[in-house]
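Presented sequentially are two complexes of chain A, the first with chain B as partner and the second with chain C.
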Partner chain A sequence: MTAAGVSIASTASGHGRMRDRWVLAGLLTGPGLYIAIMAIVPAFLMVQLSLAHREVGGLWSPGFELTQYRQLATPLFARIMGFSLLLALTGAAICVSLAFPAAYFITRMRRRAQVAWLVFLLGSLSLSEVLIVFAFQVLLSTSGTLASALNAVGLLAPGASLYPNFPAVLTCLVYLLLPYVILFFYPALSQLDPEMEQAAATMGASRVSTFVKVVLPMMRGQILTGVLLVVIFTFGAYLTPLVLGRPPQWTIAIHINNAAMGAGNLPLAAAYAVAVVAFMVALLALTRILSQRKAVEA
Partner chain B sequence: MTLSPRVLLRRGFLALIALFLAAPLIVVISVSFNATRRMSFPPTEFSLRWYRTFFSDYGWMASLERSLTIAGLAALVSVAVALPITYALWRYQAKAAAVLAGVGGALFLIPGVVAALMLSAFWGVTGHVGRLENVVLSHAIVLLGIPLSLLMVGFRTIDQAQVEAAYTMGARDSDAFRMVVRPAMTPYILCAFVFVFVLSINEYLIAYMVAGFTVQTLPIRIFANMRQGYEPTMCVAAVIFMVMGFSAFALMSKVADLPRLMGRTRPLED
Partner chain C sequence: MFGLELRDLTKAYGDQLAADQVSLSIPHGAFVCFLGPSGCGKTTVLRMIAGLETPTSGSILLNGKEITDQPANARRFGMVFQSLALFPHLSVGENIAFALRLRGEDPRRRKERVDELLELVRLPGLQSRAISQLSGGQRQRVAIARALAQEPPVFLLDEPFSALDAKLREEMQNELRTLQQRLKITTILVTHDQREAMTMADTIVVMGEGQIQQHGPPVDIYRRPVNRFVADFIGASNLLAVEVLDGHTVRYGAIPLRVAAACGPGGAAATLAIRPEDIILSRTAGGGANEVAGVISLVRDMGAYVEYRIDCQGQDILGVSTPRDWIGAAVGEIAHIRLPVESCQVLGR
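Up next, the complex of A and B:
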């Protein structure tokens, strides 16, 4: 009798598993197809494109050649990547050192104030890069407020412009990224136990030293990932350096776009893009190694 | 009430951050109400002239409508794709769903220009170029990471014990879905929709590289105008973006627990 009961139960669950499988297939087939077609196929296509043969008039034919990759070994490409990285790391240093304390303070506010900040940050984060660049153009233009104010106090020669230059590009990028980075730190910092800080305080540590000695080390991995986030975004930024910078301040994104849309050299654009992705993967691996090693040390 | 220097320092720091983030927006908003054609700040004379021009201009209105259509459809597609994946992950802990979530969310994490190039090459090869649906499907895949992560947060808030109880009382999947899952998930689905909608409507580079020559969205139109020089109606378009974005998120904070949605799990008192 027990044996019969067990066998009934097992067939029932076996039956249930079969049904689960059908349900799962029903749930995941559509999304799976969509993701395969729109994410995996384009990724392979881009790699194939980077190896393809360039034809005249913006066309290309399938092939397997390293013509475009040879262009990556030029000083020009090294200079572009070097500049993009410099811009990204400078931006990251500024963003993280502003965003980290800001997020820390926000997570310690009362609910209403926190919600208000979140709405404000989400709202400004979602604003189009076009719009922000345009706003900066208005703000920095020769007839704009900032220029006339600086003019009035004699910090800026009359008629001189505040853009296009490196600081303008950097400031705009920091503007675009700051809400992202604050919101990125928000979950981890809001998970910090207030009691732990109180414990440090009762042991005589000042707030600042608690922050530096307890909070910061715990957040090493997060901070490194935040830096990586800024780097990824900066390498992808197109409008900001285009409008607020001069050609020496053009990041890799502009060169990719110019190759694809302007020069009609899709294989070169694809080779650039593959190199950028490879570079990002290497950076990701590096941040993983760094955060793990530091965690072990701590 | 006297404030300690530490509190003062903290408030000052946050106020500076807020000012930095608000400054360009304030300038654009005030310039949009300017009566003159010249870009001057502070505005000399208040006027709604450029708002009237904007809303009676066929080109601007067509772009606005196109952008709204794209954003609505893109949000619909990406939520419709993310929902079964996250449900399968929560209900069956399915490996396939985890893989799909990983791949689907990945495009959100690669530099925007690379995603744009990939997708523009894809549409080029299919021979289906310069169409509105290209932008819709491209935005939906690139922004898929957002509904995936928001809906995962949502499913995590559902009390497993409650679901188990429903099953022991003989409820079928469809009953459990109707009684427990749907009410718990509705705010998260709404938020995911709004989030994708707002980001899609603001997106420039992908829209431009996928169909920019024929499908002129609002950001593409603003940028095209910027290249030709200053035009006060651009400020009006910019203000519309701001109003849409900020009110969407303010609305979201009314329907859902925003701190939780943004990843806070520790309880927060009022």
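Up next, the complex of A and C:
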């Protein structure tokens, strides 16, 4: 190719790149604006509200005071956050421990069986959360199927109920999130090269040690993201703890609602919400730092 | 027997036979190449040897001991996969030491073995390097070192060089052959590249349609193919439809051709195979045996050799000549080819 030819070609590819950039910018404008309007603006208003002065009768006036934030330094708030975190981490541990092996075994099935499982999981997601939570309430109540069965075999005292309590909240949250987490792990696991496991087998690894020493470490990033996914969902859970738990099992989301709607203290509710967002951002940053450190070590 | 033995090994997927009664004895320390086109069953046989596939019937014996039902993790045959299957979450050293760690070797012994193997594959000092930081050739060597770490009784390779460029592939082929000769380890390599098989193997096993078509030393396979499939698959061959006249004569069209080996009963249809480099081209008729006249239909000067095609009685016959011996014929010219008796081989049709 001549020098002129090269120059024409590079100019053409330069124009192509410029056009691609404009197309990309155009495609990103819509979602960008949507996020800016629907998330950043309310977040800004929330911060503004948390610093506002509380008026009587559920009203507030603009200001810059830290009165509501002082209430975050109380044992009550620490207990609420501590419980929400405990619930989120326990839920994440159970969900990921059940979902990861389940997704792994689904990917090792024949194609037809895999499709059947995926349809079943997607089908279970079509049920509304409200319906599921109230179904759990019926199932766990004194006259419910499960309580009656346990009663019949003498494992539950007559007239006792399996809710409201922490296990009921946890069980229902795990049920709600499990299909999402299985579906989250499925694509990554189905792309895992089967020759990796076969290579481990030819080197003397059993199926269990292959899973523990090869599959799990290779999927570390996905597992961490799966844990985060459940923590974020569970931290904001509202209906499940409200229906299946007692006040000690209420998450921060319920307390935010109570502060806003029950006590009419909108600035306090906003301060709670800001604290939750800050906590989540810190958690994400910590996870990122940890995963980057691992990558550097590798 | 000391070595590996396959007895009537068969693998069926539904009514599809991937391997059909494969029987073979591989002496200890031999380098064997399974060669064949895609889907011929060579990888299936290799995977059955490794224990990654269960045979439908037949048996596998190692040093006379039946191992057919042993799982892969009990056989511990070192294997290099087509994708190499190096663990990306482990460093080079950890990959190589994987089998040793599973076996509970102490860390000092593991380190010594890793250093030794990295020396062997000419990658000293790369123990702590991440797999993602290696070039294609380096990954290939790490995969070989990892498979050899546990000192396997049999070393298996499934088309390990197929993703490499031609120059690197040749370099790796030479290195592997040298390594195998040094270690004297029984090695089975699966490939569809006949050049790779010819240059590396002590024995080539040509596979087609799930069966062994022929096995033997590379030169025997090339010079004395037993059937049309082998003659066609290994190198270039002219396959001429002929009729057997008597024990050592066949008829090609109206021309009788003499062949060296006995070729069956008279009147039978057969195929005469002759390699392009065995054909002797001249402008004038010599008047000797096995001479056919034809019209030059193609001439291609490839630099190292000249390739030509000559139309003889409606069939294109391919020939090659060295540049020194090339007669300078042009397309359309009438020329004469001689098919040397010792190079003409009759195959059943």
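A few notes on this one:
The rule we apply is simple: the second predicted complex is superposed on the first by the 257 of 298 C-alpha atoms of A that agree within 3 Å, B and C clash if a C-alpha of one lies under 4 Å from a C-alpha of the other, contacts with A are read in each partner's own complex, and residues count from 1 in each chain.
Here is the rule we use: a contact is a pair of C-beta atoms (placed from the backbone, for glycine too) under 8 Å apart; a residue touches a chain by one contact, two chains touch by 3 or more.
From a predicted model like this one, the values you see are computed outputs, not experimental measurements.
Contact with chain B, but none with chain C, is seen for A:122 once the two complexes are overlaid on the shared chain.
Touching more residues of chain A than its counterpart among chain B and chain C is B. In the superposed model, A:214 makes contact with chain C only, not with chain B.
Within the superposed three-chain model, A:177 lies out of touch with both chain B and chain C [touch as defined at top]. When the two complexes are overlaid on their common chain A, residue A:223 makes contact with neither chain B nor chain C.
Of the two partner chains placed by the overlay, only chain C lies in contact with A:198; chain B stays clear of it.
Counting contacts by the rule stated earlier, residues 193 of chain A appear in both its interface with chain B and its interface with chain C. Those residues of chain A lying in contact with chain C across their complex are 193, 195-196, 198-206, 209, 213-214, 217-218, 220, 298. Interface residues of chain A facing chain B in the complex, by the touch rule stated above, are 20, 23-24, 27-28, 30-32, 34-35, 38-43, 45-46, 49, 98, 101-102, 105-107, 110-112, 114-115, 118-124, 126-139, 141, 143-145, 175, 178-179, 183, 186-188, 190-191, 193, 207, 232-233, 235-239, 243, 252-253, 256-257, 260-261, 266, 269-270, 273, 276-277, 280. Listing the residues of chain C that touch chain A in their complex gives 50-52, 71-79, 81-83, 85, 87-91, 98-99, 102-103, 130, 146-147, 149-150, 156.
Considering their complex, residues 6, 10, 13-14, 17-18, 20-21, 23-25, 27-28, 31, 38-42, 77, 81-82, 84-85, 87-88, 92, 94, 96-97, 100, 103-104, 106-107, 109-122, 124-125, 137-138, 140-141, 144, 173, 195, 198-199, 201-205, 209, 219, 222-223, 226, 230, 234-235, 238, 241-242, 245-246, 248-250, 252-253, 258-259, 262-266, 268-270 of chain B touch chain A.
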